[in-house]
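See below for the structure under consideration.
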Amino acid sequence: MASTTATSAHSTLATRFRAVRSRTLALVSPLTPEDMMVQSCPEASPAKWHLAHTAWFFESFVLRDFLPGYRPFHPDFIWLFNSYYQTFAAFPEKRLRSSFSRPALGEILRFRAHVDEAIDRLFDSRPTPEALERIEIGLNHEEQHQELILTDVLHAFFTSPLHPAYQPTPNKPTHAAGPASNLSTNSAAESLKFVQYGGGLVEIGSAGHADSGFAFDNELPRHRVWLEPYSLAHRLVTCAEFAEFIADGGYRRPELWLSDGWNAVQEHRWRAPLYWNGNEATGGDSSGKAGWTVFTLCGEMSLEQIANSPVSHISFYEADAYARWAGRRLPTEFEWEAAAESFPIAGNLLDCGNLRPVPAEEVASSARPAAPAESSPAHGQQVQQKQGPAQIYGDCWEWTASAYLPYPGFRPLPGSLGEYNGKFMSGQMVLRGGSCCTPQAHIRASYRNFFSPATRWQFSGIRLADGSNLSPVFSSDER
Amino acid sequence: MASTTATSAHSTLATRFRAVRSRTLALVSPLTPEDMMVQSCPEASPAKWHLAHTAWFFESFVLRDFLPGYRPFHPDFIWLFNSYYQTFAAFPEKRLRSSFSRPALGEILRFRAHVDEAIDRLFDSRPTPEALERIEIGLNHEEQHQELILTDVLHAFFTSPLHPAYQPTPNKPTHAAGPASNLSTNSAAESLKFVQYGGGLVEIGSAGHADSGFAFDNELPRHRVWLEPYSLAHRLVTCAEFAEFIADGGYRRPELWLSDGWNAVQEHRWRAPLYWNGNEATGGDSSGKAGWTVFTLCGEMSLEQIANSPVSHISFYEADAYARWAGRRLPTEFEWEAAAESFPIAGNLLDCGNLRPVPAEEVASSARPAAPAESSPAHGQQVQQKQGPAQIYGDCWEWTASAYLPYPGFRPLPGSLGEYNGKFMSGQMVLRGGSCCTPQAHIRASYRNFFSPATRWQFSGIRLADGSNLSPVFSSDER
Amino acid sequence: MASTTATSAHSTLATRFRAVRSRTLALVSPLTPEDMMVQSCPEASPAKWHLAHTAWFFESFVLRDFLPGYRPFHPDFIWLFNSYYQTFAAFPEKRLRSSFSRPALGEILRFRAHVDEAIDRLFDSRPTPEALERIEIGLNHEEQHQELILTDVLHAFFTSPLHPAYQPTPNKPTHAAGPASNLSTNSAAESLKFVQYGGGLVEIGSAGHADSGFAFDNELPRHRVWLEPYSLAHRLVTCAEFAEFIADGGYRRPELWLSDGWNAVQEHRWRAPLYWNGNEATGGDSSGKAGWTVFTLCGEMSLEQIANSPVSHISFYEADAYARWAGRRLPTEFEWEAAAESFPIAGNLLDCGNLRPVPAEEVASSARPAAPAESSPAHGQQVQQKQGPAQIYGDCWEWTASAYLPYPGFRPLPGSLGEYNGKFMSGQMVLRGGSCCTPQAHIRASYRNFFSPATRWQFSGIRLADGSNLSPVFSSDER
Amino acid sequence: MASTTATSAHSTLATRFRAVRSRTLALVSPLTPEDMMVQSCPEASPAKWHLAHTAWFFESFVLRDFLPGYRPFHPDFIWLFNSYYQTFAAFPEKRLRSSFSRPALGEILRFRAHVDEAIDRLFDSRPTPEALERIEIGLNHEEQHQELILTDVLHAFFTSPLHPAYQPTPNKPTHAAGPASNLSTNSAAESLKFVQYGGGLVEIGSAGHADSGFAFDNELPRHRVWLEPYSLAHRLVTCAEFAEFIADGGYRRPELWLSDGWNAVQEHRWRAPLYWNGNEATGGDSSGKAGWTVFTLCGEMSLEQIANSPVSHISFYEADAYARWAGRRLPTEFEWEAAAESFPIAGNLLDCGNLRPVPAEEVASSARPAAPAESSPAHGQQVQQKQGPAQIYGDCWEWTASAYLPYPGFRPLPGSLGEYNGKFMSGQMVLRGGSCCTPQAHIRASYRNFFSPATRWQFSGIRLADGSNLSPVFSSDER
């Protein structure tokens, strides 16, 4: 894990600390104390718990170690808000978090203020580089929980029979795409094209200190990976496209599915992505779109309204089955990273405020990277076209075909923070690129998210990939 | 189901309506809106749901049928707060109640006020006897939920890792038993005696309209049952006595248990009643009491403090195993009712405010019935002693040896209310007598409560019984 | 438990011993050693295990206690073939019985021969009355397992995808009902009539030693029960009648079901009795019979073929729902016993060899009891018609409305045999009357069988009952 | 998938066909028909099913497609013995295989003979290269099931309470290691050394047709992988070494485990490898070996007897935790293959007849490969020592750190055979090298086995790996 620890970074970090902490509070502002109690699935936690746990993190891993004389806010909070650090302290079972009516929200907010004030003191006290690095970890941790707050609230509000909306009316896209672009437009999305990459020996993983950015331990060490030539779709799969898969019997054809995926379809009776209401049979038109509604943080929307938005809240198994149906495959995390590395970090991220995936067309050109140079030594592979793929960052986390495993030479952080990422390196798949609920400052090309392949509560979608020798749609005369 | 419907009863009922509805609100007054969201086990519901559901009951079964022009408070509440009436409306799965952050508590309170105001109007409008009868059902229904609110909060606060107390310090017993009586007294409880009954042909079930009281459909029709001679313990089994069972290996000896009970012990790893913390091995003294604490609505108490209080929160299986260990048995519901019928309704009930079982000695003599006459035609059996058993009402629901089954000629209430009791008549055991959380106005000799035999979240305890020919402890010279 | 222990009984018992033991072997003669390995549901055991366990019973509870110098066949068999006697020896989990490939069938047969030879020696050695009583228990135990062998084989052969038949072609009914009676007859069964009983104070339970018969401990002590007037259907509910229930949406209407029953319907997706293949929708005629086939020990049969045979292999929940749909109820075990007590023990039992329920008409008049005298002191109740109900014994075990509970004053057998019946007295319902797989010598009026209410693997069916005041179908001029 | 299809290969294949088919029958010769019915865990199938399914494979994928006029043995067998080919035919649930008492073993043997005779005819009829390739697939399929027969019998005999042995007394090692080598020798195993590899760009996957051997689709296409320098342990971890891990609290220390692994330890209460009996506390000596016995196909053995044999029947989680405890890691499948590629295929495989792992010392030098040349272009990496690792093939399948995923450009076989391997490419880890139950002709450097990480019923063990910069034990002066 690496961070910028130069002196000038000190005040930048203090500013960033206040901004991140404030945004967490802003994110819960539409919620009542009762909303913040709900834990509607095993993956989720109550929003109040997220507020407390992120304060606990700073208390446990920054203030107790680096601020002399720090007085913990409450002796029980040390274990009460521990999530899973076995070597740090005992902790309650995750499912019990929905019983934490006490401490009340007010006390949690005082806990946060107590921690904020102590961090301020730490900033004023010539903190060591290690202390600053820990603060940076804490901020990245808090950004993860910002995203989780929204993910969990979406599930909670979907579970609540009255289906309240977190954000009553859809925001305009941050970067308007001109007068023709609006939510009710149902013109077909741009047809799917593939961008080719030459592969070769590429470097994967965070470049670390040298180029300034923060990275989690699971992004290190930077190492070489050999890639065969490949291509990536220029945008994510849309809701309309996914509706065609459903209409074509996608959920009823075992030959499209991994064995575990087919078992999951049977066991959970999946018939559509999570949050889709309706059913296959009600579709009155050949497109398969009629009759579906989709629940979002902006409330219930018709599938027509969001036909060109990326499909979201699907499991790895569904992403994989869709790709097989489409005659394609999912990219590996290495293919994705090699392609993404030279792009600016921009897209439909949390900072846009959409809080739902939007069509590729609605993200302004400034968020689309220029084509990389013909031969970019930085990522050791040839890219053979003028414009790169869109929606690399934001909208939906993109399921990759890569299992979440340690990089060669992986070393967990020392101490209890070693449990942060490493112990989850089995049974999960890597996702890349962030979602509409990921803070822009949080995402990067080397960032590895991970969930078990049956997970659907996340903002997770599909980017197709292919081998370069497999009928790329992107026409050859543009090379 | 029978009720007093005479004209004079009208204003009595209106008064009772206001009192019952107010008490519900009083019971939740120590709770925060967040507390009222918790649903910590499958048996429980959030307190807010109880507030809403009891209003729903009046709206659905009284106002919609009997108040012309009644305008329901909210169109969705008709199904949202339905508990289990399949023939009335769809309803959400019970486990989802913990997701009802909306409607907010404030709206639920307005819902209750809306219903109260409408019932007032109904009272003012010459209600039919049937309408008054339905109101009476609604009040009995609400009293059941008053008890459930407390039962569920106890479980919620036990589950919450900080273990808050609902009622911070133990109240004094309602009727002080003199200077020697206090909580820290650990003198042995009066040793267990048995009161003998002659049995014979007795009448069981509510006498109904004729003698004025309300009864649920499951208490009807009154019918004859033949009883062999039997005897009942003069008080409930105490915590100290139950600790001896534990110390004697009670939870490790299969020969003491029903087969299903032994399976439950293994599966759930029961080692003590619910809410007991500690373990068998820590007991430093031969009594087995040392080292245990017991969580109550008044917070954590040591077993020494409540040694003479009735043991509570045990399953039928544990009650049955204890009885076998003690060389006794549990009474049938008919033996219990025949003995209880002539007693005044008094005891450590909700109205006392203890909210936990207390020693038999702490309930004043006024709450103990005089001995019934030698030969009481009212209940068709001979009773052969001067003083009847104590703790018949209140403290703990008493597990009986009777399965919950329909009485001969049982007819469910007409309409959807027919689902109130009848459809649960399988797989459950009858409990009698009410608990420290049962409203005094709610309980009676013919009252049948019922839970599945593995249930422990209720205030459920043990009264031993025996055949009269089986070494009765109560000495014969007292007859 | 009582048995005939007079000297003359000694040689009778020896004859009976040989007959019972031989029949067990005859019952497995259609089975291969591989068939005898199958354990296809948690209720079932492999046939080989039944062979071994019944020998184990004699070894453990007769020979080791009463034959001096008895040498057990194999030291491991003492625990290996123990079923559930916790106080006798350790035992393997029930589900492991399907792994007992060793000992091989041949060794089990030698074990049986070893035990038979030792029992012969015991008979030759002036056995005590207690020893003879234990042998009688052992024979009753073996008769239970004879029935279980057939019940379990039916399930095993249904589970086996090739669906072999135990007994390839249906036997002719034992007592032919004339030329018109044959399996393909689909004439309507005699329409259902009800026989009235006056109730009153009746004696229930085995009369024990005095009148000669054996009884299990759970049939004792004989005691008095008060019955209200009631009526019983004159025959069991037929397959054709049950098909009407299905065609009328019986499995889709929650108002017909107990709450636990409705949950079972949803969880197990019950749509018809166990062993019925087909579905509701394929029925082309209004009777609902078309399209169903039913698997029996005689192989697959069409519903038309067995339309007038009693419906079998239904749970208590289905029996109860059917009764509610029919506007009736199930009888209590006491109503059943009071009615059955004066009947001769005859019917479609194991000895007939049908091994499946047959229409009431096919059991000859000799198996139908004459009407009891107008006022029979033996069973303390008035019976008001000339002919009693048919199918009291045999065909199907009849679910009653009674939970399986101890009789007043119940005492389990001493020693480990006390675990035989008593520890199962929770969570189960009583069935009465035996089935087509019950040995005639095994059944009697006081016999109590018991299964949990969701059990369907048994030959279990429905006899309807009613209160006498509820429009009895049996015409009043016959009284 | 590639195979030798030259004309000369034709008669070789016919010879091989007879040898493989005969060996399957030889493997079941110690089993009774009853033994062949047992299915003691979800991973396992009855031996009789394996016999039938392997015949089914030839019938379904060879004879029906390539032998004109072939008459299937039985019309139901087409679906009855289908394992999981969704696109081929319906199939019974796997758990039902234990109910297949019919067809009897005799009929299955006739089925096999019928298929053998038809394959003979096919060999006589100028089979196409495609037909021969399918036969080769069928033989490889049958070899997998040979191994499974033994794996499943071991579990069945362990489950059977009498614990019969498949093979009563341990065979001598195939290649005796001199007079000092015998089973009771408990001298310490040679201390663990590490062999270093230089990594670099290596080729992975079967070289296919070109170099003659058969390969499954999942070993293709051969492709390049970049490896960092690494080292591999020169032998497998022994039972004695694993006992030290247990004695050091390995199963009680969460910091050693992946999160999913720790959950599995808690859920299944793992305390030792599968088939180990005894417990940690009974170990009287500091080595932790005392008190343990281990069940093998040769019956129960003491841990002392097999102290130097490789530990087997552990999950990936246990292998991973052991490696962490030892300060090492597991190799990736690529590291393993690159190291193994130049070795001769020899070791303690099925052909040795040991049927259990044996100490490295007991496999004669002929089975240990010579050191590869300093710079071997064949596998593109430098190997820096004189002698390579032992036990590369045989003894135990070696868990790798690699998830089972498709190689770049993976194409499943056409038709239903495409379901053979590809659909299982999620949630599983790769194992390499074969076990003591793997036929020698079946294994190769590119062979990929795969199981879910919690699987313990396989012969699965541990080879440690390390980065080359991490204190390699192998001393540098030997380079």
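When the chains are written out, they are named A, B, C and D in that same order, and each has its own residue count from 1.
As a working rule, contacts are C-beta pairs under 8 Å (C-beta built on N, C-alpha and C of every residue); 3 or more make two chains touch, one makes a residue touch a chain.
Here the structure is a predicted model, which is why all the values come from computation and not from measurement.
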item	value
Path length in the contact graph (subunit A to subunit C, fewest steps)	2
Reference subunit C; chain at largest CA-centroid distance	A
Mean-CA-position distance for subunit D and subunit A (Å)	39
Approximate Å spacing (C-alpha centroids) for the pair subunit B, subunit D	61
CA centroid of subunit C to CA centroid of subunit D, Å	50
Overlap residues in subunit D, where contacts from two or more other chains coincide	none
All pairs of touching chains, each written as two labels joined by a dash	A-B, A-D, B-C, C-D
Interface residues, subunit A side, partner subunit B - complex	32-40, 48, 76, 80, 92, 96, 98-105, 156, 159-162, 164
Subunit C - residues contacting subunit B, complex	84, 86-87, 201, 223-228, 230, 254-255, 257-262, 316-317, 320, 401-403, 405-406, 408-409, 419, 423-427, 429, 453, 467
